[in-house]
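Down below are the structures I want you to see.
Common to both upcoming complexes is subunit A, partnered first by subunit B, then by subunit C.
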Partner chain A sequence: MSAPTLAPQAQQPPAELRRETRRERRRRERLEERDATIPVELYGLKRGTISVLTACCVLFALFILAPVVWVIINSTKNQANIFQSFGFWFASPFEFFHTFANLFRDVDGDGTYSDWFLNTVLYSVVGGVGATVLAALGGYGFARFEFRGSKLFFGIIIAGLLVPITLVAVPLYLAYAKVHLINSIWGMIFPSMVTPIGIYLMRTYVELSIPRELTDAARIDGASELRIFFRIAVPLMVPGLMTVLLLSVAGTWNNYILPLIIFSNNTLFPVTVGMGLWSQHAGNSGDNNLYPLIVMGGLVTIVPMIALFALLQRYWRGGLLLGSVAN
Partner chain B sequence: MSETALRPSAGVATRPSTPGRRHRRSAYARRRGRSGLAFVTPFMIIFTLFMVAPLGYAIYQSLYTTKLIGGTRYSGFANYSTVLHSGEFWSGVIRVIIFGGIQIPIMLAIAIFFATIFDLGVAKWGPVFRAVYFIPFAVPIVVSSLMWGFLLDPAYGPFNRLMNAVGFNNFNWLSPNLMLPSIIIIAIWEWTGYTCIIMYTALKSVPRDVVEAAILDDTPLWKIILRIKLPMVRPAIIMLVFINSIGAMQLFIEPTILNNYQAGVVTDTWTPVINIYTTSISNGEYQLGAAMAVVLAVVIIAISVASLAFRNRRREFR
Partner chain C sequence: MSAISLEKLTKVFSTGVRALDGLDLDVSDGEFVVLVGPSGCGKTTALRMVAGLETITAGTVRFGGTVVNHVSPRQRDVAMVFQNYSLYPHLTVAENIGFALTNKKIPKAERDRRVLIAAATLGLSTLLNRKPAHLSGGQRQRVAMGRAIVREPSVFLMDEPLSNLDAKLRVQMRSEVLRVHREIGAATLYVTHDQVEAMTMGDRVAVLHDGVLQQYATPRDLYERPASLFVAGFIGSPEMNLYEASVSDGELVLGSQRLALGGAEAVLASHRGRKVIAGIRPEDLRLDTGARQAEHADGSPEHPDGPERPDGPERTGRAGAGALAADVRVVERLGSETHVFFSIDAPAAGGEAEAGLLAGHAHNGVARLDPRSAIHPGQRVTFRVDPGRMHFFDPDTTAAIR
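And now, the complex of A and B:
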């Protein structure tokens, strides 16, 4: 938790030139939050209200944490104990490392979890970064330029928000069969880059956070449009871009139906499809010890995403609201 | 730090001041138009290839029928007629409408309740709870369905053991009657935190002086919340209803996964998307599946347009 301030004081540049350290930023954010919040005493609450409301929060937190705690506890159990022992307490033998090691082997011919995990990371990162780059360019283009058809194009993209993914997935499968994109990673990555919501969020973000005067001034000074975009707009768009990046990474990380339809080769599966297959087989024939793997796979799948969201939360929190303020 | 930085509302609550100025189409404007087109072209290409084209292809396919004898030929609206007269398809549509109609209001009520608590700061450890509530958003729906499947398992699940311990008989959460309520609980688990954070951010953007003025006027707290704060975050609420309705209509993963715990409850036509999936992929009747997908899209668009029309009608009261 300690901030990286171990460098000798004398070598540091003056405070106003130095980037603020993590501790300073936390302190500033806490103060800002305090200033923006009205002191509770002003509301004239009855005695005990805060305790009652805190208790409500605790109850709901128990509901939210129950499955997560269950997964952590049961990742240490063997198949018999997952079912026979009480779900919210440990039971011996301790099988955590044994099960974890099994994630790297093909246990029953469905495929190897570690492959699926790397696939999921690949699809999410490439798809998410691609979606963010396209949304940055497109959102900026729609926010700052008017050209023939710009209103129409934007309207079509917004209509894309309403299109069910299944409506696209089935015909994509048929089209892929014709152009040999079945069992191709690009067949998964390209559709992941289509995020109408990203374009919408970035357009709103550019309109709200980049003053027209700034880009106009640069234009009068003779800067090219690309230079204006990269040197002036992009640095100001970072919080919005982080939001779009996280939403699109999470979207691809979660995607189930598209990979389910387009992949038949189990070395290309993402985690979601692989685990769906496991659960199908575990349900059909109960004796192949797949349940501990499903529990462990679930744990390993959710930990990186929770960590990512927790680490980056100050970037995306403000951006989430964007979609709801622009009329 | 300067004063303006202390107002989280400054950036979000105001509308853009320049809503698209009209240029005369001078040479300069044309040059700028070309730059704008260059910026949006990469997205438009991917969007066209991977969204518009498949959609067009689906509509095209839906007008054809493949027969064992006679091959593929144009059949007009025959597939649509089959879909529109399919009781199973419509009972699936009604099931997801019931699902959304129950799940969305409950989730919104819980989310708004906690967002208000966090916004007012009337509970301890608010930031901790906010972080905890957001955890399910990071859990893929496949994984959360698997986890809940274990928890709700009729024979071994811990929830049933607790129910037994309290004196209830065996409670089959995954039986035909309780499958939908169980999925509603799972969906509430998945989406409440995300909704709560969005509501919290929206509530934070309500200017502080408005609330202070109300306090000075001795307005009771419940009135401040119901009459001042919530009306001011109305656009956020509408957006949430809108997004969640579209999602609810496409219910697919939760029933598919839970079916692995208790086979036979979720039929091939249980929700429209399951129906589309089995029809086009498992049974290979993709033209009929495409027609179903188009009908489902029309239903979704109709519901969305209706909700947007509602929003526009009410805008004058804001």
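And now, the complex of A and C:
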């Protein structure tokens, strides 16, 4: 809804009324953040301690980033060079584009990577958005309404966090078979829409970021509960929702066990299961040149996740900080 | 018929806390009623029950004769201003003010017209496109008011709307709120813990203490005829001086001093020979200059703590009927008046008298004097008291003796 321009005399809005451009806001936020940061000298640590800690951080970063670097470098190599050349440097021939093109072909009869990739996108986006919507509704409900058994229900949801999927694999398969969710995309999407951690996060977020008086005020103003949720609560929940979206999309994106259990049809596989199949076949024979495809597939799989994190990072960080900073 | 009528309104929380106990209150059309009391006295709970935000344990809430106990806040059609304003942070001022109208599905043209009128009333016309974050405290308070008045409500509730403002703005907004109230003429229930706000704003004031209504009267009545010890101590600044005393032979015995009761004796007829609590407003103590000069002529020491100082009764005897001898401890010159904190040898029983002792000060009373009074700490003075202006309370029931 656009702001109604009610003030007729405000033809030329004064400087403080003008909307900041996106670029200006980014710049202001970056500078504000810099001002708010406490310089390392003021931490009260000895210079030597700071150096040691910095070295530890660098080592840890290397440990985390080395596999990524390895994947990027080896995505340019052929199968022989992946095994024989030095892992952290390039080797000719430069096979990057050739391998990339092969991702769209059915190389050894298992199916094409591009199909699996689209499946992964579908499951993750639909599942992630659904999970976010449900987490928003559930979290808000648990945060704002007391109803018979609300504490028990919430306890059950949290208990769900503790049950590993491997434990329920067999019963899940049997149940799915009964309701015809084996080899169905909904068999993958429905469970992905349920995130106990998302509901828990949203409940905490609502409790901390939406004062009760605000919903009370909306009630007094004659808004229905649904309208309060959509018009007042949801806009204020956006940073929290972005966090849940990111978590649930990434969770579905990386999910391996569930699709492994429910899919036997190769065209329904997500990337994780498809590449698992490649990996098996590559190990069995070894002459089908599947290793470059696996490396390339891994690279293509992580790029969207990195992009998503970079894009939503602002919300993600804001969401995590919210509980600790009042107002 | 009263616009708002509360009958035996009671709230017991599930923790067992009895926040409100049998509150009876009527607010007439267009009346401005202030609910005042110390924090935790149940005043906000009462207001939230009127608004429908709190369930009612017992009793009834009526709007214009209709019981609304089980009507949701949405349908009660009350407007409310919250203590922390509770503006919708993501909406502009115009959207904040117009939110209730949007909920009622009032057409946009009509809505805009009413928002503009409300904004003009409150001097917000140039701020309509701003978000609450870019407003000052006073402006936010106005927006909260605007959100309430735009609905043209018949019942207007305010929960300490001025308590987040700085002192100067609060005084300004007091008259602003009253002006707006006169313009819209809705029955208003206003909650505050500030007795000055209550006295200056209310047509009638209800004083609550521990969930129990102490007195419901005009500010003037509250001040001049407090119904209980609590009201006497709560209303007025500086507070009333309250002392344990007893009545004997037509005199009031205050510590070692005796005050002739004169006309007030009839009031205390029922308490002859018994203990009472005597209250004296700080402004009802007048400095007896004659007596003070006599002291000087005597050559008595200026400093009361001197060991050779003769003791009380002898002196009061000299000061005569209706006079109290006191030692000045602290003098506060406020410009327009002077507050003199003194000590007399009567035991304090609440109000300023007790507050002074509790705070560890050596004084147990305060007098409000002319700023030109030549008076300084350490002096021994005599105050003139008109017994007819004193207040008396029963120490057991704490009710006023009239």
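We take it that the second predicted complex is superposed on the first by the 262 of 327 C-alpha atoms of A that agree within 3 Å, B and C clash if a C-alpha of one lies under 4 Å from a C-alpha of the other, contacts with A are read in each partner's own complex, and residues count from 1 in each chain.
Note that contacts are C-beta pairs under 8 Å (C-beta built on N, C-alpha and C of every residue); 3 or more make two chains touch, one makes a residue touch a chain.
Predicted model only: the values in this text are computed from it and were never measured.
Asks: Regarding the shared-chain residue A:R227, is it in contact with subunit B (first), subunit C (second), both, or neither?
Replies: A:R227 contacts subunit C only, not subunit B.
Asks: Does the superposition put A:L236 against subunit B (first), subunit C (second), both, or neither?
Replies: In the superposition, A:L236 touches subunit C alone.
Asks: Between subunit B (first) and subunit C (second), which, if any, makes contact with A:L118: first, second, both or neither?
Replies: neither
Asks: Between subunit B (first) and subunit C (second), which does A:T54 come into contact with in this model arrangement: first, second, both, or neither?
Replies: It touches subunit B, and subunit C stays clear.
Asks: Please work out whether A:A218 is in contact with subunit B alone, subunit C alone, both, or neither, and reply first, second, both or neither.
Replies: second
Asks: Looking at the overlay, does A:V69 come into contact with subunit B only (first), subunit C only (second), both, or neither?
Replies: neither
Asks: Identify which of subunit B and subunit C touches the larger number of residues of subunit A.
Replies: The partner with more contacted residues on subunit A is B.
Asks: Look at A:A80 in the shared chain and tell me whether it touches subunit B only, subunit C only, both, or neither; answer first, second, both or neither.
Replies: A:A80: touches no partner chain.
Asks: Quick one: which bits of subunit A touch subunit C in the complex? Just the residue numbers, please.
Replies: So the residues of subunit A touching subunit C come out as 1, 3-7, 9-10, 13, 16-17, 211, 213-214, 216-224, 227, 232, 235-236.
Asks: Give the list of subunit A residues in touch with subunit B in this complex.
Replies: 28, 32, 35-38, 40, 42-45, 49-50, 53-54, 56-57, 60-61, 63-68, 70-71, 74, 82-84, 86-88, 133-135, 137-138, 140-142, 144-148, 150, 153, 156-157, 159-168, 170-175, 190-191, 193-194, 196, 199, 207-209, 212, 225, 229, 250, 253-254, 256-257, 261, 271-272, 275-276, 279-280, 282-283, 294-295, 297-298, 301-302, 305-306, 308-310, 313, 317-318, 320-325, 327
Asks: Can you list the subunit B residues touching subunit A in their complex?
Replies: Per the touch definition, subunit B meets subunit A at residues 1, 5-8, 11-16, 18, 20, 22-23, 29, 32-40, 42-44, 46-47, 49-55, 57-58, 61, 110, 113-114, 117, 120-126, 129, 131-144, 146-151, 153, 155-158, 161, 189, 192-193, 197-198, 201-202, 204-205, 208, 211-212, 215, 221, 235-236, 238-240, 243, 246, 249-250, 252-253, 256-257, 260-261, 263, 273, 276-277, 280-281, 286, 289-290, 293-294, 296-297, 300-301, 304, 315.
Asks: Enumerate the contact residues on subunit C facing subunit A in the complex.
Replies: Residue list for subunit C touching subunit A: 51-53, 72-74, 77-80, 82-84, 86, 88-90, 92, 94-95, 98-100, 103-104, 108, 112, 115-116, 119, 125-126, 128-130, 134, 147, 151.
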